[in-house]
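Take this structure first; my questions come after.
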């Protein structure tokens, strides 16, 4: 394939960060999506959503269109259920996710929820992908049960072909000879994908394992392998769940999960947006940002030798007051636009620029 | 699952025979569906179809909606192509097959072709299945790449739930670790399915192997394992094919395939309908029918002991002229309806019934 | 790999025929190996062997070293059992097969049985392969549960590296996600292997399916796909079998299997050696040989144009009595060595040679 | 299976800790085994071993018996190489690991190395397992390429049947349809196994991925999923490696790996033994031990209610000076045996016991 694919690092080198309301996914932003497999009724859905939000989820999942192996199993509330999702999103002020299976349901669903999910069975339902690509709503694309990495990325390309970049990949286990777990979670694929694509990748430990006792260690492993989020089934009363009860977490176990993943998220410097932070979390977040500022300043100073070489070749002076002024003024305007005190920015850049000047002078000798 | 599934032998014990025009599939009727992977243009499609019909195919396959891994590959002629299929079906007087992927295309497609195919990637595209189930057109349901037998049969149930019984299963290889062939053909599944379902099962050796050199032996094996048909990719010029060239047979190799499978079909007593028969084939067919007639007569006579026991218990006479007359008259009328000489039927049943009477009398003693 | 591998068609283009006593395997010779999974005691082994021999098996299988998943399952009679095998082979005058797992058992086993089997779990037990390669006893090499074709052929190469060519490959199903059958039989691999190797390939439908009701159709399919034999588990009383009862055939079902495969063997022109033939089978075999004789004579006559061209170029006469005499005398001597009436051979070759002469003369003009 | 298996938590509830020299594996003790795939010569082996030891490995791996797909690939130094391993172990004072494939090599290998490895291809080489079970040397048992969890655990049972408990399981990826990585690492199996077995489980990220760029994230994920160690291929010059070069880490990347896994090990409270610790690590270890001491004291105090209930029922006094004295003296003796200052132990237990007495008195009221 000579064409540069939109999913590829060649097309876009930096990590895509998908914005869903006040929640960010990708780069340093970690998503915790939780909620019931199927939305059974208002009570069950709202109850569960409130509990997972309180425990730390920043996205609510829940399906009204259910892909079921048997035609005689509960097929979901259908379009009727979409209003419930919209209501919940507004009441709890939290973004919502739901699965779509029929191209005719894309538009109406996009009007009621914040993120559309395309399930494993539909990863290569190309007409669904084409219809979804016409929207610019964020889309979670689950890996097919027996999809290769190339097939998966090509399915993402179907979604991106019209310009939508808000695509989130979701590893949910593949089908193998091993039936000890419901599927075989392929975590090596996370760092592998990170080399090939700028898109965020989340992990669904519930479908991957089918066993609630494995969700915590597997979620931790997902984060350690560099995943950008988890998608977890939680039910306010798993024993009464109309589907996937055995793999759904009860709310208290979900709270436990959050406690258990926090230290790993900290090591990986992943940040959860859209939730109220503790003082510690705020301080940590400040810390990450500071580190990034320092990194970027260092990057800037490291450009001195190249600058000097160029100026020498072209007999330019180290001190170019016009250029310095021009840059600083540009940043001051940018600051104003971004609601940052322009004086602060002016001072910071004066410091940086004079340091650069000094270093250049030393390098010149 | 306590519900009796429509696909099951419990629901219907005898083999379903699907009628498509003058072609029958299932039971003793073997289908040979052939044609190009994609319909590229009228010339390629008509050329290939004529050649495969002449060689012995009784159904013509060819896709206008193409599921392709990459969005940048040829996606098929789309709805425009449907007219080509209708024209071909009429011109060659042969039933046609085409794949549908989008529920919105079911109706229009059903108006142009004789059989709809649901592909491996869409086996669990439940909205497509539901839409298709509203039609009563014959449907080929391919096995998903990683579908279990239960998932496959349940997908068939989705199609049957509204009453359509014209469902044909198609084994096309599953995805395994072995990449020496494109997929791993699972022939053991044929006799296994035969125990569980009355639906016909055909085999697609082209997608299963991805290698034209394997099509002949694999097709023979499919028949020997009790398949009800084969679905083969043929292209009038495989080297120029826009897709699946390596697995497409050139027409002469397809003719070779037909020659090679004939002896196995004969052993399995499978009959190909809708094609002109040689004298030998006619005689063989006569033979099969005769054997069946004899079988059925034997079955009838074998009921004598049960009859006698019942009559003894209930003190009924062996000879019941009214009952005999009633039966015979019913058959005579049935004969008239079916355009069979009533006198012939009367004579045959007089013979059978008097033999039954004789046997009963002997048994009574 | 630049080295020409011993298993390859490049190394040896014609089919290898393995001789085991008066039984031949490979080329046109089909093997039917049957017997119990484990040899439990003399009675069960001899009983079963007699029944399968009578039904048409030409090799007896039965293990004394049993690979069992659990250390607490019956592990086989061990070396003690080898004497039973030797006794049976002598008493029934039929070649025997048994599995070896430990390199230290190769020698002693080779002294008691006719064919050694290396099981699926040991396909890459390289020290076992190396030890076995030092022997020249025929070896059945089963495919590993997850072995690729290249790994399998390389394992065969380990066996051939010291010169042993009596290697028989055995496809017995691979491990996939599908658990409806015990393993997934990969029949496409048979014609694929036939292109790459001259070694005979047999099929084990018992381990492949794990279900006795599938053995007959699957065996037929194996033959239709060009297999050189089948290896079937039969037990004189499957309900009491110490292992693999569910997949073992009772003797009467084995007899049924033989009846069912005979017509397919006939189509494939496969011959079973080492068993008493019916008049029909003798006549069919005569027929095959006649066809081969005719083929070879045709091949000879087809060389005329090349001969003529050569003679023209080199100004040689058509009639070269010395050369003709020399050839004929050589064949006459060969006939004597092979216990064929030399006069017959002389007459046959006089006829052929004079025909050649005539054709050359015509071609010359 | 009604028999209680030796590998099971029913047989032994607490984690097995395997001792190899001064290195511990299992429970809180994490193993870092590293070294070349094959030992090619003294230089390459010693060089690599020194570098990985310095970086933080506490076990050295390296094979002299190599399982190779082709008989024409380098098969390892064989028995000659065992002396190199012994020399290295002594010179560097570090435990060594090597693979054995032939039952005849078990004894001699056990005399030269500290840990024997049984490779994936030999997981069900039962005669090798039986021979190994006679030894009491620690054994790493790799999971077979297509082994189920039950088959794997049963293979471990073969090793334990004679009483050896020093068995370490090693997940190294299974064979699936996905070929993007060499195998598919099954990390969910780690927490699953932890529920069923007390044996330590380590992970081989090198064979699992076949790609050195994935080793670091995958190793982190392994630890987060609760693995007890990693087994990594390192080569002093991977480009010149005689096998597995693409998956071998160069020494500096291995040092990087160690730095990257340390924070996760800290979260998981895993300790690496047998290496020189930094002050920080010593303090952390002290911390862990302290936490455990506190835990155990809390456990002891929590027994008060049960004690009180018992004493009440049996009308026993809270203060039982004889019993208290007896216990204390026993511990003092135990302290002496373990080279701990008896006075310290006496004081500690006096404190604990008097606290217990106090709590009991309160509870009594």
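Labels A, B, C and D are assigned to the chains in the order they are written; within every chain, residues are numbered from 1.
Everything below uses one rule, namely that contacts are C-beta pairs under 8 Å (C-beta built on N, C-alpha and C of every residue); 3 or more make two chains touch, one makes a residue touch a chain.
This one's a predicted model, so the numbers in the text were calculated from it and none came from an experiment.
Novice: Spell out the chains that contact chain A while also contacting chain C.
Specialist: In this structure, the chains that contact chain C and also chain A are B, D.
Novice: Quick one: which chain's Cα centre is the longest way from chain B's?
Specialist: Taking each chain's C-alpha mean as its centre, the farthest from chain B is D.
Novice: Of the chain pairs B-D and A-B, which one is connected by the greater count of C-beta contacts?
Specialist: A-B
Novice: Using Cα averages as centroids, what's the distance between chain B and chain C in whole Å?
Specialist: Using C-alpha averages as centres, the distance is 36 Å.
Novice: Averaging over Cα atoms per chain, report the distance between chain B and chain D in Å.
Specialist: The answer is 59 Å.
Novice: Using mean CA coordinates as chain centres, what's the chain A-chain B distance in Å?
Specialist: Inter-chain centre distance comes to 48 Å.
Novice: On chain C, where are the residues touching two or more other chains?
Specialist: 146, 175-177, 179
Novice: Could you list, by residue number, the parts of chain D that touch chain C in their complex?
Specialist: So the residues of chain D in touch with chain C come to 1, 3, 67-72, 75, 101-105, 121-122, 124-128, 145-146, 150-151, 154-155, 157-158, 161, 175.
Novice: State the interface residues of chain A toward chain D in the complex, per the touch definition above.
Specialist: Residues 146, 148-149, 174, 176-181, 184-192, 195, 208-209, 211, 213-214, 216-218, 220-226, 263-264, 267.
Novice: Of all residues in chain C, which touch chain A in the complex?
Specialist: For chain C paired with chain A, touching residues are 146, 175-177, 179.
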